[in-house]
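Every chain is named by a letter (A, B, C and D) in the order it is written, and numbering of its residues begins at 1.
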Amino acid sequence: MSTTSPAQALLLAAVLFATGMLGVLARRNLLLMLMSIEIMLNAAALAFIAAGARWHAPQGQVMFLMILSLAAAEAAIGLAIILRLHAAGRPTLDADTGNRLKG
Amino acid sequence: MDALFLKLIVAFPLLAAAILLLSAGRMPARATCVIGTGSVGLSALMAARVATHATSPASLHVPLWSWMRVEGFSTRIAFTLDPLSLVMMLVVTFVGFLILLYACGYMRDDPDIARFFGYMTLFVAAMLVLVFSSDLLSLYIGWEGVGICSYLLIGFWHIDSANVAAARKAFIVTRIGDAAMLCGLLLLATRAGTLEIAPLLAAPPASATAAFLLLGGAVAKSAQAPLQTWLPDAMAGPTPVSALIHAATMVTAGVYLIARLHPLFAAVPAAMATVALIGLVTLLLAAGSALVQTDIKRILAYSTMSQIGYMFLALGAGAWQAAIFHLVTHAVFKALLFMAAGAVILRVHHRQDIYQMGGLARAMPGVFAAFLAGAAALAGLPLLTAGFYSKEMILQGAWHANPLLWAGALLGALATAVYIFRCIFIVFFGPRHTDPTGRTGATMALPLLCLGILALVGGWIDMPDAIAPVHLLSRLLSPLFGAPTAEGPSWLLWTGSLVPLAGVGLAWLLWRPRIRAFTPPEDAVARLARTGWGFDTLYDTLVVRPFVALGRLNQTDICDRLSDATAATARAGGRMLGRMQSGQVRRYAGWIAAGTIAALCLGAWP
Amino acid sequence: MIALPALVLLPAIGGLAAWLSGQGDRPTHLPWWVAIATIILQTVLLLVVTLTAGFGTGPWLGHFSIPWIPALGIAARMDMDGLSLVLLWLTTLLSFPCVILSARDIGERPGLFLLLVLTTIAGVDGVFLATDLFLFFFFWELMLVPMYVLILRWGHEDRRRAAIKFFLFTQGSGLLMLVAILGLVILHWRSTGTLTFDYFALADTVLTPATAMALMLGFFIAFAVKLPVVPLHVWLPDTHTQAPTAGSVLLAGILLKTGGYGLIRFVVLLFPDAAARFTPVALALGVAGILYGAWLSLAQDDMKRLIAYSSVSHLGFVLLGVFSGSPMGMRGAVVQMVAHGLSTGALFVIAGSLQDRLHTRDMRRMGGLWQALPHLSSVALFFAIASLGLPGMGNFVGEFLVLLATWRISPPTAILGAAGLVLSAVYSLTMIGRAFLGPPATGPDPDHAGPDFGVRQMTVLGLTMALLLVLGTYPQPILDLSLPAGPHATQPEAGRP
Amino acid sequence: MPDLPFLLFSLVAAAAAIMVVTRPIAVHALLYLVVVLLALAGLFFALGAPFAAMLEIIIYAGAVMVLFVFVVMMLNLGRPDRDRERHWMAPAVWIGPSLLSGLLLAALWPALRAAPPAGPGSPTVIGPEAVGIMLYGPYVLSVELASFLLLAGLISAFHIGRDIRGTGTGTGTGTGTGDA
């Protein structure tokens, strides 16, 4: 098909992962943090796919599916929490204020 | 048979001590006196029996039991009787018996009399162990034993904390010497593998260190400079204690030790010179102090130091017989002086200041006579007194060793006569400042009488050839010490006789009755002399106080602060880590990232 | 010899019995009697052990071994030599004052108290017997926990802190020892292929000098904390001060001896070369302990603290003796341990009695107690004199032999040690002077100082005095027994079935 | 040298990811995220995983992103939110995270560089069939686990989101004691 090297894909995965992490660490808005996590998950997925391509094995895509379901579940719960917080009187979604594990 | 007697001589006082101390005061006072005095009396009788049968030069050896036996060292508890221990035994038992008899009267009304006699008999037993031991380590048992008895007896009236402090001081100062002596023993034991005296002396290891270390023990025990400061304070004890322990027996243990180990010292000229020098310095310093004291017992205490200084001088000069001779006569006349002083003190309501007495000769002629006999012997008035002969012998020995020593000793003799007759003139003559009450009982008078006679005639056992060729003691001791030194020119004898007389005359000029009593100028020197030349202050400032203050400063233990610091670090670390648990998601995420990076780094660069 | 484990089990079982008998609602002296019966039985058992011991078949006198965890090479192995026997006797003798004098007046849960005391004794007996390193460590820990609870529950005003300090120090050092044990076992396993915790097998391990030194230091620090050696002694004054009387007696009399025992058995005999190289440091530490302990003892106002620091000073001699490298020093150290156990144990009994009567340990508030309490005071005087090392008492024999052995290798060290004797006189007599002599104090009313020592106390303490005197004048039996048997000596099973 | 489409998709993905984390407005970020996902789908295709690429587009860029969009709409964000985001994104805030991310990259980089080179031949296309066989063969257990996870996610999302506007539960309407 092409001369695409899985090693380059891995490097991109690393860049994406680092970028996602930057977002998680730097942003205070929970929604944006959630998006950054999606980026990190996708970076991991990319790494799996690249590895699968490298070894000509379908397991890479199997793992991608697992990540996909994980991301789906995570997004569902995370977004539910965000909505709940918003409704509970914290419209700013500031991650730094919710540090008491209650209310 | 003699062996059994020897054991019994020690066993009787020991047994009496055990009975008296265990009875815990439940025994009537009379029984206490009988047991205490009787046991020592029995010992004295047996000592006399042993002495009359065993005057042969051969020594008697009584092994008792093996004390310690380990690899490379063994020591036994064993007694030996040779001329030296024979003399000491007689002094200890006889003088001890007379003093205990005196104490029966002196301590009659004390509720704690059982404890007193218990300690006293224990002391006699310990002193006998010291004297009899044929092994330096078992000698050390007696050596420390007399020390602890001295502590217990000085602090006998323990309600007064001054007495307790004096007792503690006495024990600790002597203990410093004891530690030095112990080091000497360790050295000897390491060199020779044994502490048995006979083999040790047969081949004396010429070790200057050992000699000096042992000398340290002797100096402290015999209250010689520079460890003499405890003796004047030790007068806090009851007077019989002062007479027995701090005049007649224990304080002379140092002299005994050096005489016993004389080959060891003779092999080290420096040690001999030091002994002589210490003797001379102490003799002059103490005599100077005695000149200005006002407390009758302190006068006698300084006098004891001074007289033991004579003995050290003799030892240092190599005149061993002279030292032992003076030890014997001094035991007699100083015990006599103390007991007479005690009788005076009892009669004048426990006052001890000589200026508060005065004119007592008429009120108590018997006591006066006894004191006078003792004083004459102490001053060494010629011909008639015991002290004259022994001091004469020392002067001869000193002349042979070094004329300078002789001159110093002569100066000391002058001072001795002056201070003791100053005491007599002030106490027994002149206007009366206090009314004596009561009378001196028989139990107290009898010992005074016995010792008074001995103080006068006791010297006749050994006389210079110029007077009479009697050499009982010298001959007895000569197997041990060799022949006594030849006598010097006869003008030595004349000088030695005239100087004490001159001293008495000087005292008469200064303090004779019916003139305004001479008060020495109250200058710095006098103050210094009265306080014992400032040794106390010196030690207090240099050693005791810094030591105690530093200890106080460190009362809570600096090492403990170290462990506290560890605890504080842990606690601070915990608090710091606790702050990290902020509950903030982003911080946690940051730490997770950091951890991941660290793990990666570990994985990437193994 | 089945009696060896019985020596360990008997106090433990007796303790349980005492605890169970005290479970009723009514306060009763039943647990006390059970405990007394236990220690009497223990004495009889020890007597039997002593009489049937294999004297003459070699230095090891008794042996017992059954497999415990064979997969790891762990056996319940016990061996007894003269050193163990001497210390077992000391333990048994000191259990009498502990139980008879101090446990009698425990108001709150006496059964539990006695259980803890007897369990501690069982642990100590085990320590003195075990020759399997795992078993040894087990007993080592076993004696700590009951002591911790004793202090925590029945201690004085600042007991929490003291108990925790005690536990941390001993536990921490114990862990260090565990590491050393495991290191030794693993090295032995690597070089020979057999996994064993057996003392005799491990003694043959070939070690490089550096490893031997490291492992030896692991053991040394554990025992140095226990002994204690300056500057690891800081737990001791607090613990002694706060512990109940029986706890103080147990601690000073016996528990500290496990440190000395361990130094002999597991440092000097197991790593002779490393120990020889370590000698200069050990001697310096010993002398530092003697002088520092005595110096601080002098500065204390609290009577129990004073005695505790004096323990530090006395046990410095043990360190000197153990590391003097000669049988003489070793024997001296053992005698010193026995004598210190008796004299200091008795002093703690006295300090505890004073606290019961006056409700203070502060000597500034005492003074002149002799009038009110003549018996107690004279007993205290005796033991103070014993503790200052008067010849004729046990302490002197120990100190003299130790100093003599030390003099052979280092005269300056011995001189400093002898200087410690002067200081010991200073603090002992200061204690006597401040508490018992002098004018009666203004603090607690001397008329209400409580009853003087009665027959019970005088009997027990009188026997202790007699023992000290015998030890001081005729120490030969102890001296003969006390040389430890080396791991290479003929083992008992070789000679007898 | 990788071919052009690969390089392009890579650059787009990286650039869009950076945009996601730096946008102050949530909707913008969300749109960039979709871009990232689409670019990744392209990459997957290029790596010979068409099945994964399709799923990425359908489920990720489709379903999940729609979920995000719904939430953003429900939050009703406005100008104050944008200002606050700007305020929160002061330059100083970025220092620490950038440092950490840079470190992570620096740590990952050599490790990934050391990855073994591509095997013989070009990447082969692995179609849905192979993946399906694998999924329902050796990996059936993990499929079950994934289904459990999704079920759990479903239930908890339902539980958390239950009466979001309701007044019945105290927890939902509390004023947030943890706000301090």
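As a working rule, a contact is a pair of C-beta atoms (placed from the backbone, for glycine too) under 8 Å apart; a residue touches a chain by one contact, two chains touch by 3 or more.
Each chain and its UniProt protein: A = NADH-quinone oxidoreductase subunit K; B = NADH-quinone oxidoreductase subunit L; C = NADH-quinone oxidoreductase subunit M; D = NADH-quinone oxidoreductase subunit J.
The model shown is predicted, which means the values in this text are computed figures rather than measured ones.
Asker: Most central chain by CA mean?
Answerer: Per-chain C-alpha centroids ranked by distance to the global centroid put C first.
Asker: Distance between subunit B and subunit D based on Cα centroids, please, to the nearest Å.
Answerer: Taking the mean C-alpha position of each chain, the two centres sit 99 Å apart.
Asker: Quick one: report the Å distance separating subunit B from subunit C, using the average Cα coordinate of each chain.
Answerer: Chain centres of subunit B and subunit C, defined by C-alpha means, are spaced 38 Å apart.
Asker: With centres defined as the mean C-alpha position, give me the subunit A-subunit D separation in Å.
Answerer: Taking the average C-alpha coordinate of subunit A and of subunit D, the gap between them is 4 Å.
Asker: Whole-Å distance, subunit C centre to subunit D centre, using C-alpha means?
Answerer: 68
Asker: Two or more other chains touching the same residue: where does that happen in subunit A?
Answerer: In subunit A, 21, 25, 28, 98-101 touch at least two other chains.
Asker: Residues of subunit B touching 2+ other chains?
Answerer: Within subunit B, residues 590, 593 contact more than one other chain.
Asker: Chains as vertices, touching pairs as edges: which of line, ring, star, complete or other describes this one?
Answerer: Here the contact pattern is something else, fitting no line, ring, star or complete shape.
Asker: Which pairs of chains touch each other in this structure?
Answerer: Listed by label, chains in contact pair as A-B, A-D, B-C, B-D.
Asker: Write out the stretch or stretches of subunit C touching subunit B in their complex.
Answerer: Per the touch definition, subunit C meets subunit B at residues 165, 169, 230-231, 233-235, 237-238, 295-296, 298-301, 326-328, 331-332, 368, 370-371, 374-375, 378, 385, 390-392, 396-397, 400-401, 403-404, 407-408, 411, 414-415, 418-419, 421-422, 425-426, 429-430, 433, 436-440, 473-476, 479.
Asker: Write out the stretch or stretches of subunit D touching subunit A in their complex.
Answerer: 1-3, 5-6, 10, 13-14, 17-18, 20-21, 23, 26, 29-30, 33, 36-37, 40, 43-44, 46-49, 51-52, 55-56, 59-60, 63-64, 67-68, 71-72, 74-75, 81, 84-85, 88-89, 93-94, 96-98, 100-102, 104-105, 108-109, 112-113, 115-119, 122-126, 130-131, 133-135, 139, 142, 146-147, 149-150, 152-154, 156-157, 160-161, 164-165, 171-180
Asker: In their shared complex, at which residues does subunit B touch subunit A?
Answerer: Touching subunit A from subunit B are residues 582-586, 589-590, 593.
Asker: Using the touch definition from the top, list the residues of subunit B that touch subunit D in their complex.
Answerer: Spelled out, the residues of subunit B in touch with subunit D are 590, 593-594, 596-597, 600-601, 603-604.
Asker: Using the touch definition up top, name the residues of subunit A that touch subunit B in the complex.
Answerer: Contact set of subunit A toward subunit B: 21, 24-25, 28, 33, 95-96, 98-101.
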